[in-house]
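Have a look at the structure below, then the notes.
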Amino acid sequence: MHIILNKTSMVPIYEQLVDQIKKEIISGELKDDEMLPSVRTLSGELRISSLTVKKAYDKLEEDGFVVTVHGKGTFVAATDQQLAMEARRKSVEEEMAAAIEKAIALGMSKEEILEIATIIMEEYR
Amino acid sequence: MRGLLEKDIRLLFKRKQIFIVIIVVELVLGMSGSGTFAVLYFTMLAGIIAAGTLSYDEFDNGFGFLFTLPIDRKTYIREKYVLCIAACAAAWCISIVLYIVSGIAGGQNINFIAQFPEFVMIFPGMSMLATIILPLQLKYGSEKGKIALFVICGCLAAVLVFAKNLFSEESAIGFINIIHGIPMGTIMIGITALCAIVIFVTYSCSLRILSNKEL
Amino acid sequence: MIKVDNLAKKYGDFGLEVSLEIPDGTVTGLIGKNGAGKSTTIKAILGLIKPDNGHITINGKEVSELTNSDKCMIGATMSDSGFSMYLNAEDVIHILKKMYPLFEESFFRNKCSELRIPMDKQFKDFSTGMRAKLRVLIAISHKAEILILDEPTAGLDVEARNEILDLLRQYLVDNEKCSILITSHISTDLEGLCDDIYLISNGKVVVHEDTDVILGNYALLKMDEKSYESLDKEYVLTTKKDSYGVVCLTNERQFYAENYPELVIENGNIDDLILYI
């Protein structure tokens, strides 16, 4: 598992952890049923608090990416959860396609559309 | 308590030079025949040095750390008393043996039986002295504790002098005659009992002082 | 679990009044300026001083009633005291063997050689770094379930500090149930280790927060007087004005990041908390 944290970023650390672990699960680097490092092991290696790692694992479980078995550890959930994520991405793509279609119909140029997209994303940083 | 004993014994044996000096002095004294003094000196020194391990513990805020270890204040005091009495006992035995050996080697006429009562009383006597030092050190710290000890000895000496002047020649002689009338065995038991009582009193004082002490 | 319930202690002008809780398996940091009351709190928890009022319990038992074998599960380091200077590491092994039934001699010896601690040198000849490492090593060599560490990294260079923190991290991995209460001035040490932080100031707990909340949600907002006037101050905790501008401490970074995009926002950290609370 490769995790690179930016401690000076505006993105909270636990969010960075969630994103990076998710990416590894989706890309297949972390396999189904593979056990993630224990909370203390990961927090020790990354030099962050165990609570942060626990929050990240809890969020990943909420989103269906991992399963925690009490007393045993945290494991990558089976692939159907990832399919669910891919399905969600597909629907986001479809919504974006619909919005862009509307914009083109209104006569907006490619640059204008990209500008709006950029501005919107800035607000979420 | 075993851990504390281990610590104190190791600390005591760090000062090897002192032991060598003492043993040499002992042998010299033994050969010159002043046996009682040799035994007294060695036993007293052992007791005082053993009681002095308290100053090692106290130095540099040491008590703070010491009491985070799995010991309580009672165990600490008990260990110090065991250490002092054991040190006196060991020194007493060794010095008697050295005295006999060096006396024989030096060609002295050792009248051991006659000197026996004096020897026997040295052990409880010096143990008592060592244990008096302990509560003084605890209450006033090692520096001031030693000063307090001198002050007390000085006061006792002054009392004795004063008493000597108070009582006339005849009453003093009368008093001494009474003492000579009492069998030696009774005197030995009496003095030993007195020392034991004093030791017990100092033990209770030490416990009380330490339990009220903020570390 | 360590529970400090309304601990009160008075020293002349200074009055301590704190309540804390360190649940099992938690690493809690205690920070504050010199004289704020950190060491007093630690000493009370260790039973070295008697509180004027309040209760301190460890795993449900009052601290004053802990037996010697209860104390075996506690490992402590004090910032200003340790074994006598005339002892050496070899002596300490023999002493600890007789005090702690769970003392791990081979672990201790291995770590000594790893940390380059000489076995036969008297402590009076140790460097500050060696002394600090030895103190922590003593605390973690007998399977303690609770570690209470008073400024274990004080006065050390960055390499030595990291060695000690890594020692602690490894101990946490090997002893999942262990809890740690640690005090320090060095906030970055705590940020990388502690789950939550208590900030003590003038004898009182002024902040108790999870570390990642401090690092994620707290922030310093920097602006000029004019911007300050028009700022929504609902989530501003404290404000400091100087000749260059205004600095506000907030615990809702996201709110200000979303609504005031031109505002200079700095990620909050523990030092900011100490300085700006």
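Per-chain numbering from 1; labels A, B and C assigned in written order.
The definition used in the following text is that a contact is a pair of C-beta atoms (placed from the backbone, for glycine too) under 8 Å apart; a residue touches a chain by one contact, two chains touch by 3 or more.
Values in this document were obtained by computation on a predicted structure and should not be read as measured data.
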{"item": "Farthest-lying chain, centroid of Cα atoms versus that of subunit A", "value": "B"}
{"item": "Chain occupying the middle, per Cα centroid", "value": "C"}
{"item": "Distance from the mean Cα position of subunit C to that of subunit B, given in whole angstrom", "value": "45"}
{"item": "Approximate Å spacing (C-alpha centroids) for the pair subunit A, subunit B", "value": "76"}
{"item": "Centroid distance [mean C-alpha coordinates] between subunit C and subunit A, Å", "value": "33"}
{"item": "Complex interface listing, subunit C residues touching subunit B", "value": "43, 46-50, 68-69, 71-72, 74, 76, 78, 80-87, 91, 94-100, 148"}
{"item": "Subunit A-touching residues of subunit C, taken from the complex the two chains share", "value": "27, 165-166, 169-170, 172-173, 176, 191-196, 210-212, 215-217, 257-258, 261, 265, 267"}
{"item": "Residues of subunit B defined as touching subunit C within the complex", "value": "2-3, 6-7, 10-11, 14, 56-57, 59-65, 67-72, 75, 214-215"}
{"item": "Subunit C partner contacts - residues on subunit A that touch it in the complex", "value": "7-8, 10, 12-14, 38, 40-41, 43-45, 47-52, 55, 122-123, 125"}
